[in-house]
Every structure is written in C-alpha cells, then in structure tokens.
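These are the structures, in structure tokens.
Two complexes follow with chain A in common, the first pairing it with chain B and the second with chain C.
Moving on, here comes the complex of A and B:
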C-alpha cells in the first residue's frame, strides 16, 4: 500500500453511538485498522482535527439549515463520503418529528422557549449531498464497518446486502417471530446485521432501511393478516422509515 | 416401494447406548431441543435426542453444505491453500424427505463436480435414517412428490417396531457401524413389511400427484399460466424458501481479508435465487427482475429442469418453504394449478 488514506469522522444530530460501535474492536483489530487507515478527525476517540482527508465518514441527521454548508464543505473536501448509521443514511429516528408540524415539535421539546433553538425537517445526508457508500443500522454493525473499510482500502465497492433480514434470520435457524405472534419488518428490511434483533428475542424495527424493490403491499397484507390494524402497522414503519417515499409517499 | 428385509432389530435402550458409545469417536447430530426450537444439532448425550419428529426450520443438509464455509486461505504474498474441514459425524434420525434431499445434494456435489469440501464430509459421516410412520403436519406433502419413502441418502434406516427398531442396512459403512457400536438381535424378516403396512394405512388416500412423472412436460407447457403471477405478486423476495430448502444448493463465493490485509479467506455461503440481486450482473441488468420470474425459475428447477436431470422431483415435499412463507406461497399449489393432479 502506497499511502494510507486519511479518514475523518463527522457527526450531526445523533447519539454518536455509531462512532463508538465503529471502534468497538479488539485491541489487535484497532491496531490493524490504524495500519490501513490514518484517522485524522474523530470526536469520540481523538482530540485532533483536520481540514484535509480522503474519506469522510458522516454520522447523524441533518436537522438544521446551518448543517448544510458544513456538510457541503465536507463533501467538497472528501474524495469519498460514507454515511455511518441510520441517522445519516435514512434520517433515522430523528425523522419521527417530521410527522409533526414544526410548531408542534418545538413546543413538545422546549415548551418554555420553543423557538430558542434552530431546527427544521430532519433529512438524510444523501438528500443534501452525493453519498458514495452507506453503512446502515441503528447502531451500525461493527463487522460491517470493518468490511467496508477493507473494501475501500482494496479499491472495491462496499458490499452492503440488497436482500432482506429474513435470509440471515433463516440461516440462523430462528423460528419466525410471526409464529410467536410478533410483527417484524424483516421481510422488507436490508440485511447485513446478521438478523441481530430477531435472533436475540426481538423483532426487526427496520433500522437498516428498506431493500431495493420491496413488496410493501404484501408486507402490509401480512401484518394485517397477523392482527395489526392499518394504524398499528404504520406505527411500526414510522420509527425509521419516514424519509422513504415508497413507505410514506406523502412525507415532507 | 419394494419391501426391504431387515437383518437386525434393536431395542431403544440398546440404540441409545450405541449412540453413547459412538460419541467417543464421532460428533453426533440429531433432532434436539435448544431454547424454544426443535432442530438438528450436535448433541452431548443421547438423552437429548427428540424421537417424536417435529418439522425443523433448516434441513440437515447444513452438515454437508454449511451456511458459511471457508474453502481457501491465502496471504498477500501469494500463498494459497485449500481448506477442507470434516469431522467424523453421525447424523441420527434423518427423515425420508431429507434423505431424498441428501441423495439429490449428492448427485449435485459428488457426481458432477466432485466438490472436495462436500466429499470430505460425506466420507466421514454415517447417516442413520428413521422412517416416518405418519404425515408430520398439514404443510408436508412428501407423498405428493414420491418422497414419503427414502430412496437413498442413508447408511442405515430404522423402522419403528414395538420396543425398538428394525434396521435396514444400505452400505458397508452402515454395517461396520452396527458391528462396532450397536447391540442388535436377529430380525424375523417381516418387520419392515409390517411397518410399511401401518404407514400406508396412516397415509391413507394421500397419494402422489397423478401426473408426477409428467411434471417437466406440464411445467414446460404452462410457462404463462396465471398461477405464476397470482403467487409471484405476493412474493416478498425474502429468500426464506431457499434457506430452508433441503435441495437448494446454490452458493456465492467471496473473499474476506483480515483487517491487516496480510491474510484472507475465500468463503462460500448459501445464496438464494428468490432475492432480487441474485441474477443481477455488473452492467446493472437483472435477468430475473420480478418476483414472478424468480418464482417461475425456482419451481421449474424443482419440477422441470432438475427433475429431468435427477429423474425425480427435486422438491421432496418436506413443507419447510410452505411453513416459512409469510405470503403463503406453496409449490404444491402451483403444481396443482398447472394440472399435476388432474
């Protein structure tokens, strides 16, 4: 390898949990990671900052107009821009507020001084600037983050699955959660998490976003066949998928 | 099915003791319970075996063709070595549908290409089947596709009799397993015939498709039947049917470098022709771009293309895909729609 790519992490509105998940590595892995990339900015791990980087890894949702020039500057500087986690990839749970009017969520969050803080419709990074690769999930899967880094260093396209969670869930030999009377978004949600939630007693919330060409009509029919009213079903979709025009065609 | 003559009978107690003895030399996989699941898994003691069959999510094909398997290891400076992993294994209590699945898997992996990873596992595995006395549940349709009896895929086959099992021996490997591990006594010779009579009574009117042998022809004639779109329009393209299928053997191969980029592994993992990207190519074209095309392809693999190759329906009627399909798509219903039974 000639020179190590310079990598910078940036965060917008989020809990920064995906940054922590990215370095949730064994000490050996962490040293190996630093063998192949040069981290120049990373708020959760180092105090240095840099104006020069090859790869920008962006976490968080764009929720203020003042975020936009900052994001555009990052895009101009980086050769490759990658989103990290649900918030930057699909706007994540921050987009729940988009189901309310601005006045409503301002009032809900800061009842004493609703207009004190700047805020607007929550958007994913790709709605503002071009994104080269997406690492989805809430939080991201550390192994997947490592795979993406390796692919980029090797000059390969990051290999994010385009099939749904059911594939991984069945490979893990789980009894389908629908058989237990629990409704799950696994059949339309992008895999890559090794079906983490349904394999550990939960169900899929859809945090990795919807697969390309989902059969939403069939998914909705199934959820209703398994005793959800239309409204209850919509609630399940709302948590992570407000920005998806196929799921919410009338969204902001 | 022709009546086999058993050479030996064994009491259940002696069978369990035999399995216990085999545990010293083999890993033993059997139907067992884990958390809230019944599945084929490695057992530590014969007391863990579940004898009363309940359908499992995955078929036991995973012991010959695992979900993930490393086939090569390599280094950045160009050293490449094949990796073949196999352990002495007993697969105990495999049912006729899955044994017929093993037979098809064997024809695909052994006869055509001689896949070394598969062959190494087969060589070290003793398969002990148990016949099904009755239909396991409402979704199984082994009897429709000629798979209610095992036509191969086993070394020993057990038929339940009072206080134990009659044993049919299919291979020398099976014979050697008996002499080394099982305490048996001489059979009368009519035990399997009586088991089969009982089975026939339990299966009753459930008979193979009238046109079973003609399925390839029927599927060929019905490429544009309305059933394809009726079923395909509900399909989620979730791939569950493929993952659970005992006879699906497609895989994808990828390279996984270690993070230090000094060493890597070539891994093959199960692939699924029902998921959207399966037939997509580098230029962006997708040769089977709708769920209906994909479903047509999958079902034709089972009852047409591969049926001609294997001389038997390549769907063994285990019912796993029917149970796994949230959209309620069934190969049996599709076959019936195009005239399998009329």
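Moving on, here comes the complex of A and C:
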C-alpha cells in the first residue's frame, strides 16, 4: 500500500473502556496494525493531535448539545466514521438516565445546584451524523476490533454477526439461563461475544444491541413460559436499549 | 525568569478523561492556576435508582473502563455490607486475584504507556516501538497478564461478567490457577528487569507534604478491606467515609472535590505506600529501596514509582492467593440471602486511591439511593496545590518546560477524569 490510512480516536461521554480494549493487543497484533494504519490522534494514549485523518473511531455517547459541533467536524473530516462500543453505537448505559426527567436526575446528583452543568438526552452517534461502520459491545471485543479495522483498510464491509447470542450460547453447550430461573436477553441480542456472560454463569443484558428484525414476540413467549412478565423484560432492556424503537416505541 | 506565562492545555493527553490546565502568571505573580475538569457529567447515581441489587456492580462498572474491577468490588462490598452478607474464604481469594489483574493492567498502562514517554522526550509510546522495542513488548506482556487473569477469574477484565453479590458464578480450574501462578512468576522476573529501566529515568525533584489517606489494616497492605487511615489524624471506621470526603462543587470542574484535615489530601499508590509500607512483601520492599522510594515520601511525582513497587507486592499476594485456592475444593457457591431494607458502605483501594460506594436499598431489593466517591475527585485539589508549590520554583524555565512539568504532575497522579466526573452524590451531610 502506498500510504497508510490515518486513524484518529475520539471520545465523548463514556468510560473509555473500549479504547483500552482496543489497545489490549498482543505485541504481534500491535506491530501488525501499525504496519497497515497510522495512528494520528488518540488522546488517551498519545500526545499528538491532528486535523487530518481518513478513519475516525468514535467512542462515547453524546450527552451535551455542545458536543455536537465537535462530532460534526469529525464527520466532515473523516472519510470513514466507525463507532466504537455500545455508548457511541446505541447510546449504551448512559441512556439509562433518559428514563427519568432531566430535572429529576440533575436534582439527584447535584442537589445544591442542579442546573450547574450542561446535559441533555443521551444519544447514539448515528442519531446525529452518518455512521459507516460500528463495533458493538460493552466493552468491544479486541479481536473483533482488529478484524473490523483490517476489513475497512482493505475496503471490505466488516462482518458483524446478525444472529442472536443464543446461537453461540448453544454452541458452547450451556444450560439455558432461563432454566436457572434467570431472565436473559440472548434470544434477541446480537452475537459476536461468544455468549460471554451466559457462558460464565451470568446472563445476557443486551450490551451488543438488538439484532436486526428481532423476534420480540418469541422473546415474550419464552418469558411467559418461565412465568416472567413483559414488564420484567422491559426492565432488563432498559440497561442498554433505551434508544431502540422496537423495544421502546415511546422513547424520547 | 519568565515574568508572564500563560498556559492553556486543552484536553491533557495520556490521561483517562477530559481535563484542561490553566495557568496565568503576570509580572511574576501567579494570577490563576487550575485544573479544569470538562468531562460530561453522567449521572450514575441517578441511573442506579430503582435498579436491582444484582445489577449495581454491572452498572457502576461502566463508570470507568480502567478501574471497572475496582468499581465492581466496591459495589459488591457495599451491597454485602448492606445486606449483612459474609463472603467465603474462596470468594475473598478470588477477588484478590482479579484485583491483581486490574492493578497489573492499570499500573503498567500508566507507568509505561502514559508516564514514561515524558522521560524519554517522546510524545507517546508509539515511537518507542522502534527505539525501545524490548521495553514496549515487556510492558504489553505485563499489561496483558492483567487481562489474562481477568479473563480467567471474571470472564474478562474490563467489565467482568461473573462478579455478583455474595459469590462469583464461575470458578477457575486447577490448570488455570497453575497457569496464573506460572505467569505471575514470569512477571516477577520481568518486573526485576523493569527496575533497571525505571532506575534510568530521572524524576523531577519536588517536595510538598500533604495529608495521605488510604485504607488501613494492621499487618496487611490494605487493598480490599480495612478502615480509613489519615497520616494526620489516624484510623477511623470505613463507615465514616463522609468525614474524609466532604464533597463540594466548584465552577471549573464537573467533578466534585473533597477536603479533610487540610486544604487538600492525596490518595493513591504514594498514600498507600506512606501509610502501609511496612506490610509490603519483601520483594516490593527491595524494589522500593533500589528505586529510592522511602516513606514518608512527599514528592508527588514518585506516585508512579510507588505504583511500580506495588506491582511486586500485588504479584506476591496473588501467587499466595492462587496457591491457597489450589489446596481448596472450589465450587460455585449459593448466592441466596435474605433481602431487607438496608444501607451499606464499600471502601476499596483501586489503583488511583480509595473508592467508596454507599447504597441504600428498599425491602424489595431495589436501590433507593446511591453515592460513589471516586479517588481522582479526592485528588484534584491536591494536584492544584502541588501546581502552586511547584510553579514558583520553575519560573526560570521556558513556557514549554513549565507546561511539560505540570502535565507530568497531572499524569503522576494517574487521574481518571471520566471517573471523577461521574460522581453522583445524592446528599451532603
């Protein structure tokens, strides 16, 4: 390749765990990656800053209107914009506050001066600017990150699974979480994590977002079979899926 | 001597989260000097309201990617304190192991990737890949060891998936424990090499005594449990954490600040070292001696060295824990406990200092009120006070050099700004 594409990382409101996962590379992976891309901005890890880049990797949720011009500038500059992780892809855990009124959560956290700091409805990046590719998860999976970046550099469309977590969970030969009396969002959540939570004795809470055309009816049937209500299901969906219109059609 | 210095560092790099440094010196007089925290507030305490006790650790974990294990452990401790749950020895040992994973990941990242480039005149670790490849590879290996332990014990290191109140939902196999021990022993050798690298770095000389606050348990280098200890006022029950964290808001920071006995205090590796150094493992004590770290140390830049020394202790402690686990019959434990209306506090030493979670639950097991107090929020005033003490002594330097020394000071604290701005205290008592 004649010139390596310039890659810049940007973060908005988030825990920066996806950036950390992105650099949890083996020495070989790091050296390989540096062969094909040129990292020009990555505030958490390097001091250089740049106004010129080909690929922008954006982490974090948009929670302040004043962040929008910065995001728009990134969009204008980059040829390709990728969202990194649940916060930028689906608004993630940050959107949990959207279920309360702004006055309510401001009063709760800054009771002495509730309106002191700017905040607004938590939104995913695609709600504000066009997104070319996304890497789901809270946090992202490092190998998936490397694969997506390599695909994009090669001009290929990244392959992100569109089937549910249950497929991977079954392949791992786990006992269904519902059999333990615990609800699980595996039937409608996007796979690609190798069913990490249910395989470790936990349950899926939907951090990779919902699959395209989810069968919510079948999820409800499962819940019913195990004497769980639709309300209980929605309560779990609140953790990561506030911005999903299929699950929360009345969303803000 | 520079009479007029104006420094405005927008978004300090190589720290976690968004902060700015502003310094204004006119005619040799310090007019303004502050560390602005511009991270967006996230309202976690409000988001926790109405959530089930099983979800508290899962949600608070997302406050911070780099200390997600610490948040989960503090969260579990608060929930267990509230419901009166006593955890088993197996559980305690497993938590020591995953905590070791986080300390390795976090301290190594900070020391090698965020702090060291300043000492060799590099803007980041990337140019060092070609100039100091062996050191970079060594650092990556040590950092990845942290992730490896996290994967085995917690399902993964960043936002572990199987830590729940009372008991973990998966236990490691004998082979996995043996593998962890083997890798930790390798890491100890790597760390010894690291001492040689670290010794060649010249840290700025600086001294300002402050109040040092850490967890404290006589006979132990306290990390996961203990009372609160102040170098000024001594030991107090962890339940009285509010006496140590009188939080208040200021204009230039979305992170709340804290005061105790003086204008400011310090938490983190140096505070732990100053208060508990006598209970470090022998190898850690040797490393401290070789690196010239002696208690009490009043040079905040040495926090990075204290972190390095801690890695020796943490590795020894984790090997001991893993060996103990090898001699036990591990099994997934029952997680049931009686639910009641209650309140509890969890206090844990995370890499950057003491982290407090304080939860109030209703009799339905749902969160009524939450308060999380983050170490970086506690350190912010102390960083500013260090600036004020440092600036008059370096005014003869160029603006660039002054800026670098201030940035290095901020980095020495290893601040976790995205954490600190996510503080969500519900009440002031």
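We take it that the second predicted complex is superposed on the first by the 250 of 252 C-alpha atoms of A that agree within 3 Å, B and C clash if a C-alpha of one lies under 4 Å from a C-alpha of the other, contacts with A are read in each partner's own complex, and residues count from 1 in each chain.
Here is the rule we go by: a residue touches a chain if its C-beta (ideal position, glycine included) is under 8 Å from a C-beta of that chain, and two chains touch if they have at least 3 such contacts.
Bear in mind that the values here come from a model prediction, so they are computed numbers and not experimental data.
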{"item": "Clash or fit, chain B versus chain C on superposed chain A", "value": "fit"}
{"item": "Partner chain(s) touched by A:33 [first = chain B, second = chain C, both, neither]", "value": "first"}
{"item": "Chain B versus chain C as contact partner of A:13, first or second or both or neither", "value": "second"}
{"item": "Which of chain B and chain C A:112 touches, first, second, both or neither", "value": "second"}
{"item": "First (chain B), second (chain C), both or neither touched by A:249", "value": "neither"}
{"item": "Touched partner set for A:213, first chain B, second chain C, both or neither", "value": "first"}
{"item": "Per-residue contact with chain A, leading partner among chain C and chain B", "value": "C"}
{"item": "After the two structures are overlaid on chain A, angle v-u-w for chain B, chain A, chain C in degrees (C-alpha centres, nearest 10)", "value": "110"}
{"item": "First (chain B), second (chain C), both or neither touched by A:181", "value": "neither"}
{"item": "Partner chain(s) touched by A:150 [first = chain B, second = chain C, both, neither]", "value": "first"}
{"item": "Smallest separation of CA atoms, chain C relative to chain B, angstrom", "value": "9"}
{"item": "Common interface residues of chain A - those touching chain B in one complex and chain C in the other", "value": "none"}
{"item": "Chain A residues within the chain B interface of the complex", "value": "1, 29, 32-33, 35-36, 146-147, 149-150, 153-154, 159, 162-164, 166-167, 170-171, 173-176, 178, 186-188, 211-215, 218-219, 221-222"}
{"item": "Chain A-touching residues of chain B, taken from the complex the two chains share", "value": "36-37, 39, 56-58, 67, 233-240, 243-244, 254, 256-261, 270, 272, 275-277, 291, 324, 326-327"}
{"item": "Residue numbers on chain A that touch chain C, as the complex places them", "value": "12-21, 24-27, 30-31, 34, 39, 42-49, 63-64, 67, 92-94, 96-97, 100, 104-106, 108-113, 116-119, 138-139, 196-197, 199-202, 205, 239"}
{"item": "Chain C - residues contacting chain A, complex", "value": "11, 13-17, 39-43, 45-47, 49, 55, 58-59, 62-66, 68, 105, 109, 113-114, 117, 123-126, 129, 136-137, 140-141, 143-144, 147, 154-156, 158-159, 161-162, 164, 168-170, 249, 254, 332, 418-419, 424-428"}
